[in-house]
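Letters A, B, C and D mark the chains as written, and numbering starts fresh at 1 in each.
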Amino acid sequence: MSVRVELGCEFGPLRLASPILTASGCFAYGQQFDTFMDLRELGGISTKGISPLPRHGNPVPRIYETAAGMLNSIGLENVGVEAFLAEKLPFLAKLGVSVWVNFFGTDFATYVECARALGHGSARAKAAGQAGIDVLEMNISCPNIKKGGIEFGTVPEVAHRLTKACVEVTDVPIVVKLTPNVTDVVGMADAVKQAGAAGVALINTITGMAIDVRTRRSRLATTYGGLSGPAIKPVALRMVHQVASALPGFPICGMGGILSGEDALEFLIAGAHCVQLGTINFSEPAAALRVTSELRSLMADLGIARVADAIATLRPHPTEPEHTPP
Amino acid sequence: MSVRVELGCEFGPLRLASPILTASGCFAYGQQFDTFMDLRELGGISTKGISPLPRHGNPVPRIYETAAGMLNSIGLENVGVEAFLAEKLPFLAKLGVSVWVNFFGTDFATYVECARALGHGSARAKAAGQAGIDVLEMNISCPNIKKGGIEFGTVPEVAHRLTKACVEVTDVPIVVKLTPNVTDVVGMADAVKQAGAAGVALINTITGMAIDVRTRRSRLATTYGGLSGPAIKPVALRMVHQVASALPGFPICGMGGILSGEDALEFLIAGAHCVQLGTINFSEPAAALRVTSELRSLMADLGIARVADAIATLRPHPTEPEHTPP
Amino acid sequence: MGAAQLSATVAANRPLTGGYFVLELVTAEANPIAEAQPGQFVMLRGEWGRDLLNGRAFSVLQVIDEHRFCVLLKVFGRGTALLQAMDVGDRLTVTGPLGHGFAAPTSERKQLLIAGGVGLPPLHLHARRAVEAGQGDRIEMFYGGRTAADLVLTEELDHWGIATCLATEDGSRGVAGRVTVPLIERLDRARREGEAVELLACGPTPMLAALRTIGLARELPTHLCLEEMMACGFGVCLGCAVPVHGPKPYKYCCTDGPVFEAREVRW
Amino acid sequence: MGAAQLSATVAANRPLTGGYFVLELVTAEANPIAEAQPGQFVMLRGEWGRDLLNGRAFSVLQVIDEHRFCVLLKVFGRGTALLQAMDVGDRLTVTGPLGHGFAAPTSERKQLLIAGGVGLPPLHLHARRAVEAGQGDRIEMFYGGRTAADLVLTEELDHWGIATCLATEDGSRGVAGRVTVPLIERLDRARREGEAVELLACGPTPMLAALRTIGLARELPTHLCLEEMMACGFGVCLGCAVPVHGPKPYKYCCTDGPVFEAREVRW
């Protein structure tokens, strides 16, 4: 049974042209992909993480490939809020796709400051008749930030306070990007939901390492880095399903190792409202368009007319006939 | 520079003929591998997890392959303490390799009961002039046990109490097998160390899932399962290094995705005193012997004469020349 | 169990109709697969990266000599696609023979063999062995597929003079409809004539489920060759559990099976 | 930047001495790599599983026409091993041309090209282009390896009449020792004769580090073609950072480079 498929969908209050977005840190600020694809076909773009001031990255080496994955310790390098608003946002705003600005601070105050500044920037853009920022994606994971930062992503109370403070200083919906490096991801999601987050994005990278046995040095200058790619997909899918089951209806943006339309559909069925593609963009700059068309035809084959008809529809296994020992 | 390599090594009080062991649940009780290799060349064998009473496994499907990994929800199926001591231990004891008996309970009392029963069994065997049990590997992860159990592996205080109780009822050294599904693996390792554990084994599988988009069912009857194989190696290596750095000298048995002698050496350099091979045994029943000889020749090439010369020897990266903006 | 893991090379990769293909594998040393019983299987793994982790299970189709044997495949997912792409001379790892197969025909009962799709190899090998033992008249073959192209290696069956009934759902070859239709007629005849028969079947699970019902209803010995997800193939991963009645709730497809009695399977 | 990602097929896979091999790739449509400058590179990826995730970077060795170009490789790890195993007709994905290459010779300064190992392609292409532009006399090549087998594609250099100095550490071909030995003699001569020269180099990092020291000491324009770990090749992963002096502590090998000025590199 083949049906006409509508990819337009909702993420909480937001309307998306497609559930396929690109992930923070894997799509820069969009421009570089202009030569490879028509960016307007994307559901949205999540930018490289922005901090109040420009940040330089970590020492090299910063990346290394592992089995079906890669480690990175880029170090949240970015141009800073001011340059972002002046030089990067206008390009993104012109595309007409949903603009998700990933941001972070180095402490409580700078997180709030960053949210406020980006919110103002968005308001100014709108006042000037341009499109603004659709989502502030707050990265509380920061696997690559050394000093402090860790509690923001791992202690529910701290995440709650931080989210609340940021929500209060801006009208732009805040989606909190969660780290998988926790015992209880549901507790984290619930805490930020209570604090007024418009949704959650998960997962960020899993902290890992690799060693060069000849030099006896880590493959990364920072010793540890973030693991991404297909290797982590089962963990991402599990966490999306855990959060979707515990907080029904709460918007989830799922990601982690998505390479194909089938992968994307797995995330929707698990409970994601939309998904982001990360690492795959490096080896295949036009991957998002391929994944989008794969998803469309797969949904058609399976008779799924609307994205909403797939979201959080995991079915239980039939129970086996009872075993009665003789 | 090629040197003569001695693979004999210490794990705390224990003497091992080689740092290459086989992992729990991936080597059954050893017999099936007899036709594929000379088991006496192993550093040791960790058995399928034993519980006081026999346990049946989970409904099917129980396994599924993912990118460079596999998910399983076997359900800790085992023959129980009594049958293990009567039918399985004698075979293992005759091999002359280090015998690690992986065990678990379904609650506090049954954990302690299991440790006591296995300890007595080992004492009886020794009294009868046979070799006994060298290590009780306490699995506090149990990703596949439904009711309760989860706190044992994730709350340091609970793990401390449980370990202490088990250590008190047996003379056999207890090595606690830790789950990676926690925010702070060092906190867990420290808690069981304080409780008298002889060492830690890490990592167990990472909880994950996969979905069949056509049936909209999980690929596993239990919805979630444990992810193992090369995909998780970077996470395992990171956790071994974290624990080794925080608790210098505390014996660590490292595992997670080891396929080669080079993989094994990475774990030793990260701080493991010995390693276990798990998933690789399924596709290559004699893998442990290949990995052992690969490790031997690699150590020879690198001029590492003894295993102890590799353990916890990760070197820092040279710092880059300072950057002085003009 | 006498199984071994050896390295083999592809001696031939013969495409058949319907996307089926036969891999002929050769090992340097004599291999134990030469003694394989019909229904026994091997685990195959190419020199793939770490992406595809475990071997894939395939029933022995034919033993040429103690160095050579064949398997019949159809592309299912990534592993079988990689196997289809293999060229003569490519190396892979073989583990086997594994599991327990079908018992040879006896004088008491006529054996009705029912095959569907990639379930053909065990029964094809069983027929071959029966003929070699001069028992070709003790068996009859029922072989079904969606369309004519799905029915492969039937020439040999004819050549051996095995009574064979073919069925295709689209009627493009043999009887039109499921293979169970002519089978039921045959069973009715056996009942009328008081002829003792037993069923040996391998194929898609829905087909086996239908045959199980038929076999139980008519109280016929019914031997089913099952498929389960397998990681190891030799009894250690416990992944291939088959729900059964009896003292324990599960048996293992790779060691207790893959051939199970219809009445013991808990479906 | 005019780069594109296209699918290409292997037109030839020519083994050379010393484990080196040349892949000739052809694309259906005309490809932008035809305009590649010496030092520009492509990212190559075969139809591998999910195990090897990212493309691998290779400098353009030769452009045959707007459909065909060549790269020179040596097996380093798994990706290059898979590329070596590729047969004519195998498909792979090409992204390029990427980065910025070497500037063409000028009338002011003689260009001394120093190549080591897989660093040959940029300088080999540079020499080819110089000859095509009638500037063959404005360049000289210094090419070093461990042993004679490591020196490949030298016939073409002779054929073009490029002044070439070969060096092998074991003395099996050309001058005995590191290539820096004859280079320093050449630089001394240039200094004596007041000849203006500049250095263009590509090869193992230790060699580039040595040349950097030499170039800085003698205050010569020194252009180094660097290698860094790369995931994307077009400026988005920020993995290929190169420590530099100047306003920012890092530049990017794939977009700012791979050619950098010796004095800006922070080593």
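Quick note on the criterion: contacts are C-beta pairs under 8 Å (C-beta built on N, C-alpha and C of every residue); 3 or more make two chains touch, one makes a residue touch a chain.
All of these numbers come straight from a predicted model, not from anything done at the bench.
**Q** Mind listing the chains that sit against subunit A and also against subunit C?
**A** Chains touching both subunit A and subunit C: B, D.
**Q** Relative to subunit B, which chain's C-alpha centre is the most remote?
**A** D
**Q** Rounded to a whole Å, what is the gap between the Cα centroids of subunit B and subunit D?
**A** That pair's centroid distance is 46 Å.
**Q** Counting in whole Å, what is the centre-to-centre distance of subunit A and subunit B, each centre being its mean C-alpha position?
**A** Those two chain centres are 33 Å apart.
**Q** Using mean CA coordinates as chain centres, what's the gap between subunit C and subunit D in Å?
**A** Computed from C-alpha means, the inter-chain centre distance equals 56 Å.
**Q** Cα centroid separation between subunit B and subunit C, in whole Å?
**A** Result: the chain centres lie 37 Å from each other.
**Q** What residues in subunit A touch two or more of the other chains?
**A** 59-60, 67-69, 229-230, 320, in rising order.
**Q** What parts of subunit D, by residue number, touch at least two of the other chains?
**A** Each of 49-52, 243, 249 in subunit D touches at least two other chains.
**Q** If every chain is a node and each touching pair gets an edge, what shape is that graph: line, ring, star, complete or other?
**A** Graph shape, chains as nodes and touching pairs as edges: complete.
**Q** Across the complex, what residues on subunit D touch subunit C?
**A** That would be residues 48-52, 78 of subunit D.
**Q** Give every residue of subunit B touching subunit A within the complex, in rising order.
**A** For this pair, the touching residues of subunit B are 59-60, 66-69, 71, 154, 181-183, 206-211, 213-218, 221, 223-224, 227, 229-235, 237-238, 241, 257, 262, 265-266, 269-270, 298, 302, 313-317, 319-320.
**Q** Subunit B touches which residues of subunit D in the complex?
**A** Touching subunit B from subunit D are residues 49-51, 243, 245-247, 249, 266-267.
**Q** Considering only the defined contacts, which subunit A positions touch subunit D in the complex?
**A** 25-28, 32-33, 35-36, 56-57, 59-65, 67-70, 72, 74, 77, 229-230, 259, 279, 281-286
**Q** Flag every residue of subunit D that touches subunit A in the complex, lowest number first.
**A** Against subunit A, the touching part of subunit D is residues 1-5, 43, 45, 49-55, 93, 95, 228-232, 234-243, 248-250.
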